[in-house]
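Report on one structure; see the data block that follows.
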Amino acid sequence: MAEAAQPYRHLIRVPYADVDQMKFVYYANYLVYFEMARTGLLRNAGVPYSVLEKRGVLLPVMTSHCEYRLPAHYEDLLAVDTRCTPFRGARFRIEYTVWRVGTGADETPAEETLLAEGYTDHVCMSPDGSVLRPDPVFKRIAQG
Amino acid sequence: MAEAAQPYRHLIRVPYADVDQMKFVYYANYLVYFEMARTGLLRNAGVPYSVLEKRGVLLPVMTSHCEYRLPAHYEDLLAVDTRCTPFRGARFRIEYTVWRVGTGADETPAEETLLAEGYTDHVCMSPDGSVLRPDPVFKRIAQG
Amino acid sequence: MAEAAQPYRHLIRVPYADVDQMKFVYYANYLVYFEMARTGLLRNAGVPYSVLEKRGVLLPVMTSHCEYRLPAHYEDLLAVDTRCTPFRGARFRIEYTVWRVGTGADETPAEETLLAEGYTDHVCMSPDGSVLRPDPVFKRIAQG
Amino acid sequence: MAEAAQPYRHLIRVPYADVDQMKFVYYANYLVYFEMARTGLLRNAGVPYSVLEKRGVLLPVMTSHCEYRLPAHYEDLLAVDTRCTPFRGARFRIEYTVWRVGTGADETPAEETLLAEGYTDHVCMSPDGSVLRPDPVFKRIAQG
(Lines give C-alpha, C1' and ligand atoms only; values in the text may rest on other atoms or scores of the structure.)
Protein backbone atom coordinates (compact mmCIF):
# COMPACT_ATOMS: atom_id res chain seq x y z
CA MET A 1 0.00 0.00 0.00
CA ALA A 2 1.27 3.42 -0.92
CA GLU A 3 2.57 5.54 1.91
CA ALA A 4 1.43 9.12 2.22
CA ALA A 5 3.66 11.55 0.37
CA GLN A 6 6.20 13.55 2.35
CA PRO A 7 5.01 17.10 2.68
CA TYR A 8 6.83 19.87 0.83
CA ARG A 9 8.37 22.44 3.20
CA HIS A 10 8.33 26.12 2.21
CA LEU A 11 10.30 28.77 4.15
CA ILE A 12 9.06 32.34 4.67
CA ARG A 13 10.70 35.24 6.51
CA VAL A 14 7.93 37.41 8.03
CA PRO A 15 8.09 40.99 6.67
CA TYR A 16 7.18 44.07 8.70
CA ALA A 17 4.29 44.63 6.29
CA ASP A 18 2.51 41.52 7.58
CA VAL A 19 2.50 42.27 11.33
CA ASP A 20 -0.28 44.16 13.11
CA GLN A 21 -0.36 46.33 16.22
CA MET A 22 -0.69 43.29 18.52
CA LYS A 23 2.75 42.43 17.05
CA PHE A 24 1.13 39.33 15.50
CA VAL A 25 1.12 38.34 11.84
CA TYR A 26 -2.30 39.61 10.67
CA TYR A 27 -4.60 36.64 10.15
CA ALA A 28 -5.29 37.07 6.42
CA ASN A 29 -1.58 36.80 5.65
CA TYR A 30 -1.57 33.10 6.51
CA LEU A 31 -3.65 32.56 3.36
CA VAL A 32 -0.91 34.34 1.39
CA TYR A 33 1.67 32.06 3.03
CA PHE A 34 -0.47 29.06 2.01
CA GLU A 35 -0.43 30.35 -1.57
CA MET A 36 3.35 30.86 -1.56
CA ALA A 37 3.75 27.29 -0.27
CA ARG A 38 1.31 25.98 -2.94
CA THR A 39 3.38 27.71 -5.63
CA GLY A 40 6.49 26.12 -4.14
CA LEU A 41 4.84 22.68 -4.01
CA LEU A 42 4.09 22.84 -7.74
CA ARG A 43 7.55 24.22 -8.67
CA ASN A 44 9.07 21.45 -6.61
CA ALA A 45 7.01 18.90 -8.57
CA GLY A 46 8.38 20.31 -11.83
CA VAL A 47 5.20 22.07 -12.96
CA PRO A 48 5.39 25.78 -12.03
CA TYR A 49 1.91 27.23 -11.60
CA SER A 50 2.75 30.10 -13.97
CA VAL A 51 3.40 27.45 -16.65
CA LEU A 52 0.20 25.55 -15.77
CA GLU A 53 -1.78 28.80 -16.04
CA LYS A 54 -0.32 29.55 -19.48
CA ARG A 55 -1.51 26.08 -20.53
CA GLY A 56 -5.03 27.19 -19.57
CA VAL A 57 -5.34 25.60 -16.13
CA LEU A 58 -6.49 28.06 -13.47
CA LEU A 59 -6.68 27.06 -9.82
CA PRO A 60 -9.36 29.09 -8.01
CA VAL A 61 -9.91 28.53 -4.29
CA MET A 62 -13.34 27.19 -3.29
CA THR A 63 -12.81 27.06 0.49
CA SER A 64 -10.18 28.32 2.90
CA HIS A 65 -9.82 27.36 6.54
CA CYS A 66 -7.22 28.24 9.15
CA GLU A 67 -6.78 27.49 12.87
CA TYR A 68 -4.48 29.98 14.58
CA ARG A 69 -2.59 28.36 17.50
CA LEU A 70 0.16 30.83 18.44
CA PRO A 71 1.13 34.15 16.89
CA ALA A 72 3.99 34.59 14.43
CA HIS A 73 6.13 37.70 14.83
CA TYR A 74 8.17 40.04 12.65
CA GLU A 75 11.29 38.44 11.17
CA ASP A 76 10.31 34.95 12.33
CA LEU A 77 11.38 32.22 9.95
CA LEU A 78 8.31 30.11 9.19
CA ALA A 79 8.14 26.66 7.61
CA VAL A 80 4.89 25.78 5.84
CA ASP A 81 4.54 22.01 5.43
CA THR A 82 2.24 21.42 2.49
CA ARG A 83 0.60 18.32 1.09
CA CYS A 84 -2.07 17.55 -1.48
CA THR A 85 -4.63 15.00 -0.24
CA PRO A 86 -5.93 12.12 -2.39
CA PHE A 87 -9.11 12.98 -4.31
CA ARG A 88 -11.97 11.68 -6.37
CA GLY A 89 -13.95 14.03 -8.54
CA ALA A 90 -13.03 17.55 -9.54
CA ARG A 91 -12.35 19.07 -6.15
CA PHE A 92 -9.19 18.55 -4.13
CA ARG A 93 -7.65 19.76 -0.89
CA ILE A 94 -4.22 21.09 -0.03
CA GLU A 95 -3.25 21.05 3.67
CA TYR A 96 -0.77 23.31 5.43
CA THR A 97 0.97 23.31 8.80
CA VAL A 98 2.90 26.43 9.81
CA TRP A 99 5.87 26.13 12.18
CA ARG A 100 8.20 28.73 13.64
CA VAL A 101 11.69 27.40 12.91
CA GLY A 102 13.70 30.55 13.64
CA THR A 103 13.38 34.13 14.86
CA GLY A 104 15.05 37.42 13.99
CA ALA A 105 17.50 36.92 16.84
CA ASP A 106 17.91 33.14 16.84
CA GLU A 107 18.23 31.08 13.69
CA THR A 108 18.30 27.74 15.47
CA PRO A 109 15.80 27.52 18.31
CA ALA A 110 15.79 24.31 20.29
CA GLU A 111 12.47 23.23 18.82
CA GLU A 112 9.91 24.06 16.17
CA THR A 113 6.68 25.61 17.42
CA LEU A 114 3.31 24.92 15.79
CA LEU A 115 1.64 28.23 14.86
CA ALA A 116 -1.24 27.42 12.53
CA GLU A 117 -2.94 24.69 10.51
CA GLY A 118 -5.32 24.97 7.61
CA TYR A 119 -6.42 23.90 4.17
CA THR A 120 -7.65 25.19 0.84
CA ASP A 121 -10.04 23.41 -1.52
CA HIS A 122 -9.59 23.91 -5.24
CA VAL A 123 -10.86 22.98 -8.67
CA CYS A 124 -8.99 23.26 -11.93
CA MET A 125 -10.76 25.71 -14.22
CA SER A 126 -10.37 26.78 -17.86
CA PRO A 127 -10.02 30.50 -18.65
CA ASP A 128 -13.68 30.53 -19.80
CA GLY A 129 -14.78 29.30 -16.37
CA SER A 130 -15.47 25.59 -17.03
CA VAL A 131 -14.46 23.12 -14.35
CA LEU A 132 -11.74 20.71 -15.55
CA ARG A 133 -10.54 17.39 -14.16
CA PRO A 134 -7.63 18.01 -11.78
CA ASP A 135 -4.37 18.34 -13.71
CA PRO A 136 -2.31 15.10 -13.39
CA VAL A 137 0.38 16.94 -11.42
CA PHE A 138 -1.97 17.09 -8.41
CA LYS A 139 -2.57 13.34 -8.48
CA ARG A 140 1.16 12.78 -8.70
CA ILE A 141 1.83 15.09 -5.74
CA ALA A 142 -0.98 13.50 -3.73
CA GLN A 143 0.54 10.06 -4.22
CA GLY A 144 4.05 11.17 -3.33
CA MET B 1 -38.35 33.92 22.50
CA ALA B 2 -35.77 36.45 21.31
CA GLU B 3 -35.51 36.93 17.58
CA ALA B 4 -32.14 36.81 15.92
CA ALA B 5 -30.50 40.20 15.61
CA GLN B 6 -30.57 41.92 12.22
CA PRO B 7 -27.16 41.67 10.61
CA TYR B 8 -25.06 44.79 10.23
CA ARG B 9 -24.32 45.61 6.56
CA HIS B 10 -20.89 46.99 5.62
CA LEU B 11 -20.16 48.38 2.15
CA ILE B 12 -16.78 48.01 0.41
CA ARG B 13 -15.64 49.24 -3.01
CA VAL B 14 -13.09 46.73 -4.40
CA PRO B 15 -9.72 48.43 -5.07
CA TYR B 16 -7.41 47.47 -7.91
CA ALA B 17 -4.89 46.35 -5.28
CA ASP B 18 -7.13 43.44 -4.27
CA VAL B 19 -7.70 41.84 -7.69
CA ASP B 20 -5.47 39.13 -9.16
CA GLN B 21 -4.61 38.13 -12.72
CA MET B 22 -7.74 35.96 -13.02
CA LYS B 23 -9.52 39.35 -12.51
CA PHE B 24 -10.92 37.93 -9.24
CA VAL B 25 -10.56 39.43 -5.78
CA TYR B 26 -7.64 37.44 -4.35
CA TYR B 27 -8.95 35.00 -1.75
CA ALA B 28 -7.10 36.31 1.31
CA ASN B 29 -8.70 39.75 0.88
CA TYR B 30 -12.08 38.39 1.95
CA LEU B 31 -10.62 38.01 5.43
CA VAL B 32 -9.68 41.71 5.31
CA TYR B 33 -13.25 42.52 4.25
CA PHE B 34 -14.51 40.43 7.20
CA GLU B 35 -12.31 42.53 9.49
CA MET B 36 -13.53 45.82 8.03
CA ALA B 37 -17.10 44.63 8.56
CA ARG B 38 -16.29 43.53 12.15
CA THR B 39 -14.88 46.99 12.85
CA GLY B 40 -18.06 48.50 11.40
CA LEU B 41 -20.26 46.17 13.47
CA LEU B 42 -18.60 47.36 16.69
CA ARG B 43 -18.65 51.05 15.69
CA ASN B 44 -22.31 50.66 14.84
CA ALA B 45 -22.92 49.21 18.32
CA GLY B 46 -21.29 52.28 19.86
CA VAL B 47 -18.04 50.59 20.96
CA PRO B 48 -15.31 51.24 18.37
CA TYR B 49 -12.72 48.49 18.45
CA SER B 50 -9.91 51.05 18.73
CA VAL B 51 -11.56 52.21 21.98
CA LEU B 52 -12.03 48.62 23.19
CA GLU B 53 -8.37 47.91 22.51
CA LYS B 54 -7.27 50.98 24.49
CA ARG B 55 -9.33 49.60 27.41
CA GLY B 56 -7.17 46.46 27.21
CA VAL B 57 -9.47 44.15 25.26
CA LEU B 58 -7.75 42.53 22.26
CA LEU B 59 -9.68 40.37 19.82
CA PRO B 60 -7.38 37.77 18.22
CA VAL B 61 -8.81 35.39 15.63
CA MET B 62 -8.75 31.69 16.56
CA THR B 63 -10.29 30.29 13.35
CA SER B 64 -11.16 31.67 9.94
CA HIS B 65 -13.30 29.99 7.31
CA CYS B 66 -14.52 31.14 3.92
CA GLU B 67 -16.54 29.55 1.12
CA TYR B 68 -16.01 31.27 -2.23
CA ARG B 69 -19.14 31.06 -4.45
CA LEU B 70 -18.55 33.55 -7.27
CA PRO B 71 -15.68 35.96 -7.90
CA ALA B 72 -15.79 39.64 -7.01
CA HIS B 73 -14.24 42.04 -9.53
CA TYR B 74 -12.47 45.39 -9.52
CA GLU B 75 -14.70 48.32 -8.55
CA ASP B 76 -17.59 46.06 -7.51
CA LEU B 77 -19.58 47.40 -4.60
CA LEU B 78 -19.78 44.66 -1.98
CA ALA B 79 -22.08 44.38 1.01
CA VAL B 80 -20.84 42.28 3.93
CA ASP B 81 -23.73 41.21 6.18
CA THR B 82 -22.27 40.54 9.60
CA ARG B 83 -23.69 39.04 12.75
CA CYS B 84 -22.37 37.82 16.08
CA THR B 85 -23.78 34.43 17.10
CA PRO B 86 -24.94 33.65 20.66
CA PHE B 87 -22.22 32.12 22.82
CA ARG B 88 -21.37 30.35 26.02
CA GLY B 89 -17.85 30.32 27.34
CA ALA B 90 -14.98 32.48 26.16
CA ARG B 91 -15.10 31.81 22.46
CA PHE B 92 -17.56 33.38 20.03
CA ARG B 93 -18.26 33.43 16.31
CA ILE B 94 -18.91 36.24 13.88
CA GLU B 95 -20.55 35.28 10.57
CA TYR B 96 -20.31 37.08 7.25
CA THR B 97 -22.14 36.94 3.94
CA VAL B 98 -20.68 38.87 1.02
CA TRP B 99 -23.00 40.16 -1.75
CA ARG B 100 -22.31 42.08 -4.93
CA VAL B 101 -24.70 45.01 -4.81
CA GLY B 102 -23.17 47.16 -7.55
CA THR B 103 -20.42 47.21 -10.16
CA GLY B 104 -18.11 49.86 -11.57
CA ALA B 105 -20.51 50.43 -14.45
CA ASP B 106 -23.87 49.80 -12.78
CA GLU B 107 -24.73 51.07 -9.34
CA THR B 108 -28.14 49.41 -9.17
CA PRO B 109 -28.13 45.89 -10.59
CA ALA B 110 -31.48 44.13 -10.67
CA GLU B 111 -30.46 41.79 -7.88
CA GLU B 112 -27.80 41.11 -5.29
CA THR B 113 -25.46 38.19 -6.03
CA LEU B 114 -24.05 35.97 -3.29
CA LEU B 115 -20.24 35.84 -3.58
CA ALA B 116 -18.92 34.33 -0.35
CA GLU B 117 -19.81 33.18 3.14
CA GLY B 118 -17.61 32.63 6.14
CA TYR B 119 -16.94 33.09 9.83
CA THR B 120 -14.25 33.99 12.31
CA ASP B 121 -13.94 32.65 15.87
CA HIS B 122 -12.52 34.95 18.52
CA VAL B 123 -11.65 35.27 22.17
CA CYS B 124 -11.19 38.47 24.11
CA MET B 125 -7.61 38.70 25.38
CA SER B 126 -5.74 41.04 27.71
CA PRO B 127 -2.51 42.67 26.47
CA ASP B 128 -0.51 40.14 28.57
CA GLY B 129 -2.17 37.26 26.70
CA SER B 130 -4.77 36.05 29.25
CA VAL B 131 -8.15 35.00 27.90
CA LEU B 132 -10.96 37.25 29.18
CA ARG B 133 -14.73 36.75 29.22
CA PRO B 134 -16.24 38.20 26.06
CA ASP B 135 -16.78 41.94 26.44
CA PRO B 136 -20.49 42.70 27.07
CA VAL B 137 -20.76 44.49 23.72
CA PHE B 138 -20.57 41.13 21.93
CA LYS B 139 -23.44 39.69 23.98
CA ARG B 140 -25.46 42.81 23.22
CA ILE B 141 -24.76 42.53 19.49
CA ALA B 142 -25.50 38.79 19.50
CA GLN B 143 -28.90 39.41 21.06
CA GLY B 144 -29.75 42.22 18.69
CA MET C 1 -7.18 82.42 -16.92
CA ALA C 2 -8.56 79.08 -15.82
CA GLU C 3 -8.56 78.41 -12.11
CA ALA C 4 -7.19 75.17 -10.81
CA ALA C 5 -9.79 72.45 -10.42
CA GLN C 6 -11.12 71.72 -6.93
CA PRO C 7 -9.59 68.52 -5.68
CA TYR C 8 -11.76 65.44 -5.29
CA ARG C 9 -11.93 64.24 -1.66
CA HIS C 10 -11.96 60.49 -0.97
CA LEU C 11 -12.67 59.08 2.52
CA ILE C 12 -11.01 55.93 3.89
CA ARG C 13 -11.45 54.22 7.27
CA VAL C 14 -8.10 52.62 8.24
CA PRO C 15 -8.47 48.83 8.68
CA TYR C 16 -6.52 46.79 11.24
CA ALA C 17 -4.85 45.02 8.31
CA ASP C 18 -2.99 48.20 7.33
CA VAL C 19 -1.37 49.07 10.67
CA ASP C 20 2.07 47.83 11.74
CA GLN C 21 3.65 47.14 15.12
CA MET C 22 4.61 50.81 15.58
CA LYS C 23 0.80 51.31 15.47
CA PHE C 24 1.34 53.33 12.26
CA VAL C 25 -0.27 52.70 8.89
CA TYR C 26 2.45 50.76 7.04
CA TYR C 27 4.03 53.00 4.43
CA ALA C 28 3.15 51.02 1.30
CA ASN C 29 -0.56 51.28 2.11
CA TYR C 30 -0.55 55.00 1.28
CA LEU C 31 -0.03 53.98 -2.34
CA VAL C 32 -3.15 51.82 -2.07
CA TYR C 33 -5.03 54.81 -0.62
CA PHE C 34 -3.80 56.89 -3.57
CA GLU C 35 -5.21 54.27 -5.93
CA MET C 36 -8.57 54.15 -4.12
CA ALA C 37 -8.73 57.95 -4.39
CA ARG C 38 -7.76 57.81 -8.10
CA THR C 39 -10.58 55.33 -8.72
CA GLY C 40 -12.94 57.67 -6.87
CA LEU C 41 -11.71 60.69 -8.88
CA LEU C 42 -12.56 58.94 -12.14
CA ARG C 43 -15.94 57.64 -10.91
CA ASN C 44 -16.74 61.14 -9.73
CA ALA C 45 -15.92 62.45 -13.25
CA GLY C 46 -18.39 59.95 -14.73
CA VAL C 47 -15.80 57.58 -16.23
CA PRO C 48 -15.23 54.63 -13.88
CA TYR C 49 -11.77 53.16 -14.38
CA SER C 50 -13.23 49.66 -14.77
CA VAL C 51 -15.20 51.02 -17.76
CA LEU C 52 -12.12 52.80 -19.15
CA GLU C 53 -10.13 49.58 -18.86
CA LYS C 54 -12.82 47.62 -20.73
CA ARG C 55 -12.50 50.22 -23.51
CA GLY C 56 -8.82 49.26 -23.74
CA VAL C 57 -7.25 52.08 -21.73
CA LEU C 58 -4.88 50.84 -19.03
CA LEU C 59 -3.28 53.23 -16.56
CA PRO C 60 0.08 51.88 -15.37
CA VAL C 61 2.07 53.87 -12.81
CA MET C 62 5.46 55.17 -13.99
CA THR C 63 6.54 56.91 -10.74
CA SER C 64 5.27 57.00 -7.18
CA HIS C 65 6.37 59.42 -4.49
CA CYS C 66 5.20 59.94 -0.93
CA GLU C 67 6.27 62.21 1.94
CA TYR C 68 5.15 60.88 5.33
CA ARG C 69 4.49 63.74 7.81
CA LEU C 70 2.63 62.14 10.73
CA PRO C 71 1.41 58.58 11.25
CA ALA C 72 -2.16 57.44 10.62
CA HIS C 73 -3.63 54.99 13.11
CA TYR C 74 -6.15 52.17 13.16
CA GLU C 75 -9.73 53.29 12.60
CA ASP C 76 -8.71 56.85 11.71
CA LEU C 77 -10.92 58.44 9.09
CA LEU C 78 -8.66 59.75 6.33
CA ALA C 79 -9.49 62.20 3.55
CA VAL C 80 -7.37 61.95 0.41
CA ASP C 81 -7.57 65.18 -1.63
CA THR C 82 -6.77 64.27 -5.21
CA ARG C 83 -6.14 66.35 -8.31
CA CYS C 84 -4.88 65.74 -11.82
CA THR C 85 -2.29 68.31 -12.92
CA PRO C 86 -2.29 69.90 -16.40
CA PHE C 87 -0.13 68.04 -18.89
CA ARG C 88 1.48 68.06 -22.29
CA GLY C 89 2.61 64.87 -23.91
CA ALA C 90 1.68 61.36 -22.88
CA ARG C 91 2.62 61.46 -19.23
CA PHE C 92 0.54 63.07 -16.49
CA ARG C 93 0.61 63.44 -12.73
CA ILE C 94 -2.01 62.92 -10.06
CA GLU C 95 -1.35 64.57 -6.68
CA TYR C 96 -2.64 63.49 -3.29
CA THR C 97 -2.82 65.05 0.16
CA VAL C 98 -3.86 62.81 3.05
CA TRP C 99 -5.58 64.35 6.10
CA ARG C 100 -6.85 62.83 9.33
CA VAL C 101 -10.43 64.06 9.63
CA GLY C 102 -11.65 61.69 12.34
CA THR C 103 -10.50 58.93 14.69
CA GLY C 104 -12.07 55.75 16.03
CA ALA C 105 -13.16 57.61 19.16
CA ASP C 106 -13.87 61.09 17.78
CA GLU C 107 -15.66 61.67 14.51
CA THR C 108 -15.30 65.46 14.60
CA PRO C 109 -11.87 66.55 15.76
CA ALA C 110 -11.35 70.30 16.05
CA GLU C 111 -9.09 70.34 13.02
CA GLU C 112 -7.78 68.26 10.15
CA THR C 113 -4.18 67.06 10.46
CA LEU C 114 -1.88 66.70 7.45
CA LEU C 115 -0.44 63.15 7.38
CA ALA C 116 1.11 62.65 3.95
CA GLU C 117 1.56 64.12 0.48
CA GLY C 118 2.52 62.45 -2.74
CA TYR C 119 1.99 61.91 -6.42
CA THR C 120 1.84 59.23 -9.08
CA ASP C 121 2.85 59.65 -12.74
CA HIS C 122 0.95 57.70 -15.37
CA VAL C 123 0.58 57.02 -19.04
CA CYS C 124 -2.43 55.60 -20.81
CA MET C 125 -1.54 52.26 -22.40
CA SER C 126 -3.32 49.83 -24.72
CA PRO C 127 -3.62 46.17 -23.70
CA ASP C 128 -0.77 45.32 -26.13
CA GLY C 129 1.54 47.75 -24.32
CA SER C 130 1.54 50.77 -26.67
CA VAL C 131 1.50 54.20 -25.08
CA LEU C 132 -1.68 56.14 -25.94
CA ARG C 133 -2.50 59.84 -25.68
CA PRO C 134 -4.07 60.53 -22.29
CA ASP C 135 -7.80 59.77 -22.35
CA PRO C 136 -9.84 63.02 -22.57
CA VAL C 137 -11.28 62.41 -19.10
CA PHE C 138 -7.89 63.29 -17.57
CA LYS C 139 -7.72 66.60 -19.43
CA ARG C 140 -11.24 67.37 -18.29
CA ILE C 141 -10.40 66.55 -14.66
CA ALA C 142 -7.16 68.54 -14.84
CA GLN C 143 -9.04 71.64 -16.03
CA GLY C 144 -11.75 71.33 -13.38
CA MET D 1 39.53 57.22 -0.61
CA ALA D 2 36.90 54.71 0.45
CA GLU D 3 35.13 52.85 -2.32
CA ALA D 4 31.37 52.64 -2.27
CA ALA D 5 30.06 49.57 -0.45
CA GLN D 6 28.90 46.62 -2.52
CA PRO D 7 25.12 46.50 -2.50
CA TYR D 8 23.34 43.72 -0.64
CA ARG D 9 21.24 41.53 -2.97
CA HIS D 10 17.88 40.22 -1.73
CA LEU D 11 15.90 37.59 -3.66
CA ILE D 12 12.08 37.53 -3.84
CA ARG D 13 9.75 35.11 -5.63
CA VAL D 14 6.63 37.05 -6.73
CA PRO D 15 3.47 35.56 -5.16
CA TYR D 16 0.08 35.46 -6.90
CA ALA D 17 -1.20 37.81 -4.18
CA ASP D 18 0.98 40.65 -5.50
CA VAL D 19 -0.08 40.63 -9.16
CA ASP D 20 -2.98 42.69 -10.54
CA GLN D 21 -5.31 42.22 -13.49
CA MET D 22 -2.82 43.74 -15.92
CA LYS D 23 -0.68 40.73 -14.85
CA PHE D 24 1.81 43.23 -13.37
CA VAL D 25 3.06 43.33 -9.80
CA TYR D 26 0.83 46.01 -8.24
CA TYR D 27 2.87 49.15 -7.70
CA ALA D 28 2.58 49.41 -3.89
CA ASN D 29 4.18 45.97 -3.49
CA TYR D 30 7.56 47.33 -4.61
CA LEU D 31 7.65 49.24 -1.31
CA VAL D 32 7.10 45.94 0.50
CA TYR D 33 9.97 44.42 -1.51
CA PHE D 34 12.13 47.41 -0.52
CA GLU D 35 11.29 46.68 3.13
CA MET D 36 12.10 42.98 2.79
CA ALA D 37 15.45 43.94 1.25
CA ARG D 38 16.10 46.49 4.03
CA THR D 39 15.44 43.79 6.62
CA GLY D 40 17.85 41.52 4.76
CA LEU D 41 20.48 44.27 4.55
CA LEU D 42 20.43 44.68 8.34
CA ARG D 43 20.42 40.92 9.04
CA ASN D 44 23.33 40.58 6.66
CA ALA D 45 25.20 43.27 8.63
CA GLY D 46 24.66 41.29 11.83
CA VAL D 47 22.01 43.57 13.37
CA PRO D 48 18.54 42.17 12.67
CA TYR D 49 15.95 44.95 12.68
CA SER D 50 13.79 43.00 15.14
CA VAL D 51 16.75 43.14 17.57
CA LEU D 52 17.33 46.85 16.86
CA GLU D 53 13.66 47.55 17.54
CA LYS D 54 13.79 45.70 20.87
CA ARG D 55 16.73 47.96 21.80
CA GLY D 56 14.40 50.91 21.25
CA VAL D 57 15.44 51.99 17.76
CA LEU D 58 12.49 52.38 15.38
CA LEU D 59 13.00 53.14 11.70
CA PRO D 60 10.02 55.05 10.30
CA VAL D 61 10.00 56.00 6.62
CA MET D 62 9.97 59.75 5.86
CA THR D 63 9.91 59.54 2.05
CA SER D 64 9.41 56.80 -0.51
CA HIS D 65 10.09 57.03 -4.21
CA CYS D 66 9.89 54.47 -7.00
CA GLU D 67 10.41 54.57 -10.78
CA TYR D 68 8.71 51.67 -12.55
CA ARG D 69 10.59 50.66 -15.73
CA LEU D 70 9.12 47.30 -16.76
CA PRO D 71 6.50 45.12 -15.10
CA ALA D 72 7.31 42.14 -12.89
CA HIS D 73 5.10 39.08 -13.28
CA TYR D 74 3.82 36.21 -11.17
CA GLU D 75 6.52 33.75 -10.10
CA ASP D 76 9.35 35.95 -11.39
CA LEU D 77 12.48 35.76 -9.30
CA LEU D 78 13.48 39.30 -8.39
CA ALA D 79 16.79 40.56 -7.04
CA VAL D 80 16.67 43.79 -5.03
CA ASP D 81 20.11 45.41 -4.84
CA THR D 82 20.16 47.58 -1.75
CA ARG D 83 22.61 50.11 -0.41
CA CYS D 84 22.67 52.70 2.35
CA THR D 85 24.06 56.06 1.18
CA PRO D 86 26.52 58.13 3.25
CA PHE D 87 24.80 60.67 5.50
CA ARG D 88 25.21 63.68 7.71
CA GLY D 89 22.55 64.58 10.23
CA ALA D 90 19.69 62.41 11.37
CA ARG D 91 18.17 61.47 8.04
CA PHE D 92 19.56 58.83 5.71
CA ARG D 93 18.64 57.18 2.42
CA ILE D 94 18.49 53.56 1.35
CA GLU D 95 18.50 52.92 -2.42
CA TYR D 96 17.08 49.94 -4.25
CA THR D 97 17.35 48.52 -7.76
CA VAL D 98 15.00 45.69 -8.74
CA TRP D 99 16.07 43.18 -11.39
CA ARG D 100 14.32 40.18 -12.90
CA VAL D 101 16.82 37.34 -12.60
CA GLY D 102 14.49 34.42 -13.30
CA THR D 103 10.91 33.54 -14.25
CA GLY D 104 8.51 30.78 -13.32
CA ALA D 105 9.54 28.85 -16.43
CA ASP D 106 13.21 29.81 -16.74
CA GLU D 107 15.53 30.00 -13.79
CA THR D 108 18.51 31.25 -15.75
CA PRO D 109 17.59 33.85 -18.35
CA ALA D 110 20.41 35.11 -20.54
CA GLU D 111 20.44 38.48 -18.80
CA GLU D 112 19.04 40.39 -15.87
CA THR D 113 16.33 42.95 -16.72
CA LEU D 114 15.98 46.23 -14.81
CA LEU D 115 12.41 46.58 -13.52
CA ALA D 116 12.39 49.39 -10.98
CA GLU D 117 14.55 51.81 -8.99
CA GLY D 118 13.75 53.75 -5.87
CA TYR D 119 14.71 54.92 -2.42
CA THR D 120 13.40 55.39 1.08
CA ASP D 121 14.48 58.10 3.53
CA HIS D 122 14.52 57.26 7.23
CA VAL D 123 15.28 58.54 10.68
CA CYS D 124 15.97 56.49 13.76
CA MET D 125 13.29 57.15 16.38
CA SER D 126 12.79 56.17 20.01
CA PRO D 127 9.50 54.49 21.02
CA ASP D 128 8.33 57.84 22.51
CA GLY D 129 8.77 59.51 19.11
CA SER D 130 12.07 61.41 19.59
CA VAL D 131 14.47 61.50 16.66
CA LEU D 132 17.76 59.71 17.45
CA ARG D 133 21.14 59.84 15.72
CA PRO D 134 21.32 57.07 13.14
CA ASP D 135 22.32 53.79 14.76
CA PRO D 136 26.01 53.01 14.04
CA VAL D 137 25.03 49.98 11.95
CA PHE D 138 23.80 52.31 9.19
CA LYS D 139 27.11 54.20 9.07
CA ARG D 140 28.93 50.88 8.90
CA ILE D 141 26.72 49.64 6.05
CA ALA D 142 27.04 52.95 4.19
CA GLN D 143 30.83 52.73 4.30
CA GLY D 144 30.93 49.12 3.17
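Order of writing sets the chain letters: A, B, C and D. Residues in each chain are counted from 1.
Keep in mind that, in the parts below, a contact is a pair of C-beta atoms (placed from the backbone, for glycine too) under 8 Å apart; a residue touches a chain by one contact, two chains touch by 3 or more.
Bear in mind the structure is a predicted one, so any value in this text is a computation, not a measurement.
> If you take the chains that touch chain A and keep only those that also touch chain B, what is left?
Touching chain A and chain B alike, sorted by label: C, D.
> Check B-D against B-C and say which one is joined by more contacting C-beta pairs.
B-C is joined by more C-beta pairs in contact.
> Can you give the whole-Å distance between the Cα centres of chain B and chain C?
The computed centroid separation for chain B versus chain C comes out at 26 Å.
> Could you state the distance in Å from the CA-based centre of chain B to that of chain D?
The separation of the two C-alpha centroids amounts to 34 Å.
> Residues of chain A that touch two or more other chains: which are they?
16-17, 28, 32, 35, 74 - these are the residues of chain A that touch more than one other chain.
> Per the contact definition, I'd like the list of chain D residues that touch chain A in the complex.
13, 15-17, 32, 35-36, 39, 43, 48-51, 53, 73-75, 103-105
> Quick check on the complex: what are the chain A residues that touch chain C?
Touch list, chain A to chain C: 16-17, 19-21, 23, 26, 28, 74.
> In the complex, go through chain C and note every residue touching chain D.
22, 24, 27-29, 31-32, 35, 58, 60-68, 71, 120
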